[in-house]
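Chain naming follows the written order as A, B, C and D, and within any one chain the residues start at number 1.
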Amino acid sequence: MKKIYPDAATALDGLLFDGMHLCVGGFGLCGIPERLIDALQEAGVKNLTIASNNAGIDNEGLGKLLRSRQVKKMISSYVGENKEFERQFLSGELEVEFCPQGTLAERCRAGGAGIPGFYTKTGVGTQVAEGKEVKSFDGEDYILERGIFADLCLIKGWKADKAGNLVFRKTARNFNAPMATAGKICVAEVEEIIEVGELDPDAIHLPSIYVKRLIDGSPYDKKIEFRMTREREDAA
Amino acid sequence: MKKIYPDAATALDGLLFDGMHLCVGGFGLCGIPERLIDALQEAGVKNLTIASNNAGIDNEGLGKLLRSRQVKKMISSYVGENKEFERQFLSGELEVEFCPQGTLAERCRAGGAGIPGFYTKTGVGTQVAEGKEVKSFDGEDYILERGIFADLCLIKGWKADKAGNLVFRKTARNFNAPMATAGKICVAEVEEIIEVGELDPDAIHLPSIYVKRLIDGSPYDKKIEFRMTREREDAA
Amino acid sequence: MSWDRNQMAARAAQELQDGYYVNLGIGIPTLVANHIPEGVEVTLQSENGMLGIGPFPYEDEIDADLINAGKQTISELTSSSYFGSADSFAMIRGGHIDLTVLGAMEVAQNGDIANWMIPGKMIKGMGGAMDLVAGVKKIIVVMDHCAKDGSPKFIPICTLPLTGINVVDMIITDLAVFHRTDHDSPFKLIELALGVTAEQVAAKTTADFLI
Amino acid sequence: MSWDRNQMAARAAQELQDGYYVNLGIGIPTLVANHIPEGVEVTLQSENGMLGIGPFPYEDEIDADLINAGKQTISELTSSSYFGSADSFAMIRGGHIDLTVLGAMEVAQNGDIANWMIPGKMIKGMGGAMDLVAGVKKIIVVMDHCAKDGSPKFIPICTLPLTGINVVDMIITDLAVFHRTDHDSPFKLIELALGVTAEQVAAKTTADFLI
C-alpha cells in the first residue's frame, strides 16, 4: 500500500469534482497546504465549498482559489485581510457561513469522530444561533451544531513516515489536526518524508490511518502575516 | 504556584467528600492511579460514583474500594474478572451504569470540553438507548449521550514536568487522556517528575492547565492481567 | 466436514485488502492475524489506544504498559502509534476502520447482532463492541453455526439483548459463509465448508437467506 | 484625567492571580502581559493552539510556525505546549481558562457583549470571541468608556449583534471599573480613574449600575 505520491497534482488525481466539499487546514498563512492549494487551482475544479478557519490573503493560500473564482462557499471564523474576498462577498458572488472558531474546530473533530451533532454554549443568543435547535441541560441553554464531513481534507504537516504517521510543528498544528479526520480521504503535504521507525510512537500527532496520500512539498518559503520582534538589550 | 505534593494523601487533602463523583483513568490494570486509589481507600470517603472503564480486579485498582464498600455506583463498559464486584452487583448493593467504551470515552472528553451532550450511532436500538432521545440526521438515527463532568479526576501518567505538563507511555495513555479534562480538578500521579524544559513542547500529551496537583508515585510494580509471550526461534 | 477455528479465521482473513485498518475481537477473531494473505499489508487497531499491534512479546520484552483490548501483553511495530481512548473511538465511530471481525451469540437475518449479555447471567458489559458495530465500515461475524445445545444462531430475530441493529455484512460459521452487499439486502449463502451441503446448512438455520 | 491604554491594561492585570491560565485578546488586552504583578505566575493561552506564550522573538528567532491568534510572530517558553484547534477550544469551552481580557464595542447592563460586527460594514467574522465569552470562567472587558462620537458603550441593551449573552464579569474603561459578583447581579462601580468623579461616569453611561 503505497501512500507516497510524486507531487500534489498526482496526489489529487481522481479525487476532484465540481461542487465538492473540502476541509483545508491552517490558521492564517500558518500551516496551510500550499502545494495542494496550488494543485487545486491548476486542476480548475469549481463551485467548491471549503471549511477553513480563514480564506488566505490576496494571492496567498485560499486567496488564490478566490481569485480564480473556484469557491462557491466558505465556512470560516475570520476572513479579514483579503480584498478579493471582500469584493466577492459584498457583491454576493461568494457565500460565507461564519462559524465561531472553536465551534468550527469541534464541528470538524465531530464529523471525523462519527458525531453528527453536539451542543455548545458558544453563540447562544447571537446570530449564530439563528435557525438552530436550542436545548437546556441542567438549566443552561445550548445550541445544536452539526459535524462537518467533507469529500476531501487537505492538510500540511511537518514530517511523516512512509506509513503515513505524521507530526506537526509548533502552532502550525492548528486546524490541520481536526480537519485531517473530517473527510472521506485526507491528502497531506509535509516538509520531509522519513523512514518508518524514525518517529516516537508515543509522539505521533496524526496516526497513519488518517493519511491516505502523502507528498513531500519541500522546499517551503513560509509566509508571515505580522512580523513582530523585540530588540536585544545591550550586554552590560 | 506549586503543583507538586509529597504524597497521595496530601494531594487529595480538601478535595474529598462523601457522595462525590470521580473519573478514574486506566484500562484494566494498565495505567491506573494506584497511589491515589490507595489514598482514597485510606481516607474512607463513601458513596462514591466512579466513571472508570473497568472496576479493577479483586483487591487491585478500584477493586480495593469495592472491597471497603466505598462505591455506590460505577459507570463502566466492562466489569469482568472481579468476584466482589459480582457479589455486590448481584445483591443490589452496587449500582452499575453500563456504557459502551467509546461512548464513555467521548462522554468524558465532551464533559471536559464544555459539551453537555452529543449524538452517536453507538447503541441505537439497544438497551443502551432506553430513555435517551433519538434524533435523525441525514436519514440515520442517533442517540443523545450526556457529557460527564466529575468533582475530581484521578489519573496516572509517565512523566510530568514541574509545571504540570505530562506525557503518558504506550497503551497506559487510554482513559487517562480524556478523563484528565473531565472534572473540576485533576490530580495526577507519575513515575517521574522532571524539570521544566525537559519535555518537547510538541510532544506533550496533557498540557499543564489540566494538572492541578501532582505526585511522584514511584516505585511502581505494575500488574499484568494476561501475560502472553511467544518463543524465540532457535538461531539457524 | 466443518471448518475448525483456524479455518474460520483463515476464511475471514481472505476479506482483508492491502492497506486495510482492522480491529479484531477476542477469541477466534484474534486468530485472523495469523492468516493474513501474502502481499496484503494490514494495520491492526486496538481500541485501548494503539495502531499497529505486533505479535505477543518475547518473555524479556513484556511490558505492563503495552497491552491489547483483551488485556494481553503485546509488542509494538516500528509503524505503531499510541493515542488515548477518546481518539481511539473517534477513529472507530468515525468510520476510519475498514473492517472488524467479531464473535456473536446471535445474528438476525436483518443484520442485527447480539453478543454482549445473556439475561439472568452476570452482565460483564459491552466493552467496545457496540462502538465497533456502529462505526466500522465492514462487520464480519465469526461464530459456530449452532449453539452448544444445537439451536441455530443465525435466526429470524435476535432473542438476546442487541449489540447493534442492521450492522452485520458477513457471517462466517463452521459450515458456511453468508454475505450481503448492502444493509437493505438479505444475506446470501456464498460458500460452504468442504462436504457440507446447502440443505444441511438450511436445516440448521432459521434465518431467511438467499442461495 | 482618564486612564491611558497602559493604565487600563495594568488595571486588568491586577485581576490576575498566581497560577491562572489566561487568554488575552488583540489590542489593549495584549498589553496586560506587560503588567503582570510581581510574584504572580500566569500562563498565557493562544487559541490557535499553544499554552505558554513567550515575548516577541528576537529578529533571528522568528519562526513562521510560531504565531499567536493575532497572527503575530511570538516565542516559546520552556514550559510551553502545543496542540490542535479542537483541543485548544476544548480547553476554552470546557471552562479550563481562568480569565480572558477582551475588547468590546458595547456591553449591556445585563452582561451582554457585542464585539464582532457592525451592520453595514464588511463582516470579518467572530474568530474565537464567541467561544471565549461562552467558555472562560471570568470575562473582563477593556474598552474606551465612550465611542469616538461620544456615545456611551456601557448601555442598557446592546444595539449591535451580540457576541454572547450575560457573560461579562468586569468592565475596565478609561474612566472607571465596574464589577459584578455573579451573573444574576447588576454591575457596581468599584473604582474611578484619578480625578474622575462618579457623576462624570454616570453622565457618560446609559446602563444602570450600582455605586
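By definition in this document, a contact is a pair of C-beta atoms (placed from the backbone, for glycine too) under 8 Å apart; a residue touches a chain by one contact, two chains touch by 3 or more.
Bear in mind that the values here come from a model prediction, so they are computed numbers and not experimental data.
Among the other chains, C has the CA centre that is most remote from the centre of chain D. Centre-to-centre separation of chain A and chain C, using mean CA positions: 35 Å.
Each chain gets one centre point, the mean of its Cα atoms, and the points for chain A and chain B are 32 Å apart. Spacing of chain B relative to chain C, judged by their CA centroids, is 27 angstrom.
For chain C, the set of residues touching two or more other chains reads 76, 82-83, 89-90, 92-93, 134-135.
Contact of a single residue of chain A with at least two other chains is seen at positions 106, 109, 113-115, 120-121, 168-170, 173, 201-202, 205. A list of each chain pair in contact follows: A-B, A-C, A-D, B-C, B-D.
Interface residues of chain A facing chain D in the complex, by the touch rule stated above, are 27-31, 53, 76-80, 86, 89-90, 96, 98, 100-106, 108-109, 120-128, 158, 168-178, 205, 222-232. Contact residues on chain B toward chain A in their complex (touch as defined above): 106, 110, 113-121, 135, 137-138, 140, 142, 146, 167-170, 173, 200-203, 205. Only residues 46-50, 55-59, 62-68, 70-74, 76, 82-90, 92-93, 112, 122-131, 134-135, 161-165 of chain C touch chain B when the two sit together in their complex. The part of chain B that touches chain D in the complex is made up of residues 1, 109, 111-115, 161, 163, 165, 181, 196-197, 199, 201-202, 204, 207-210.
Across the complex, chain C meets chain A through its residues 18-19, 21, 41, 43, 45, 51-52, 76, 78-83, 89-97, 134-135.
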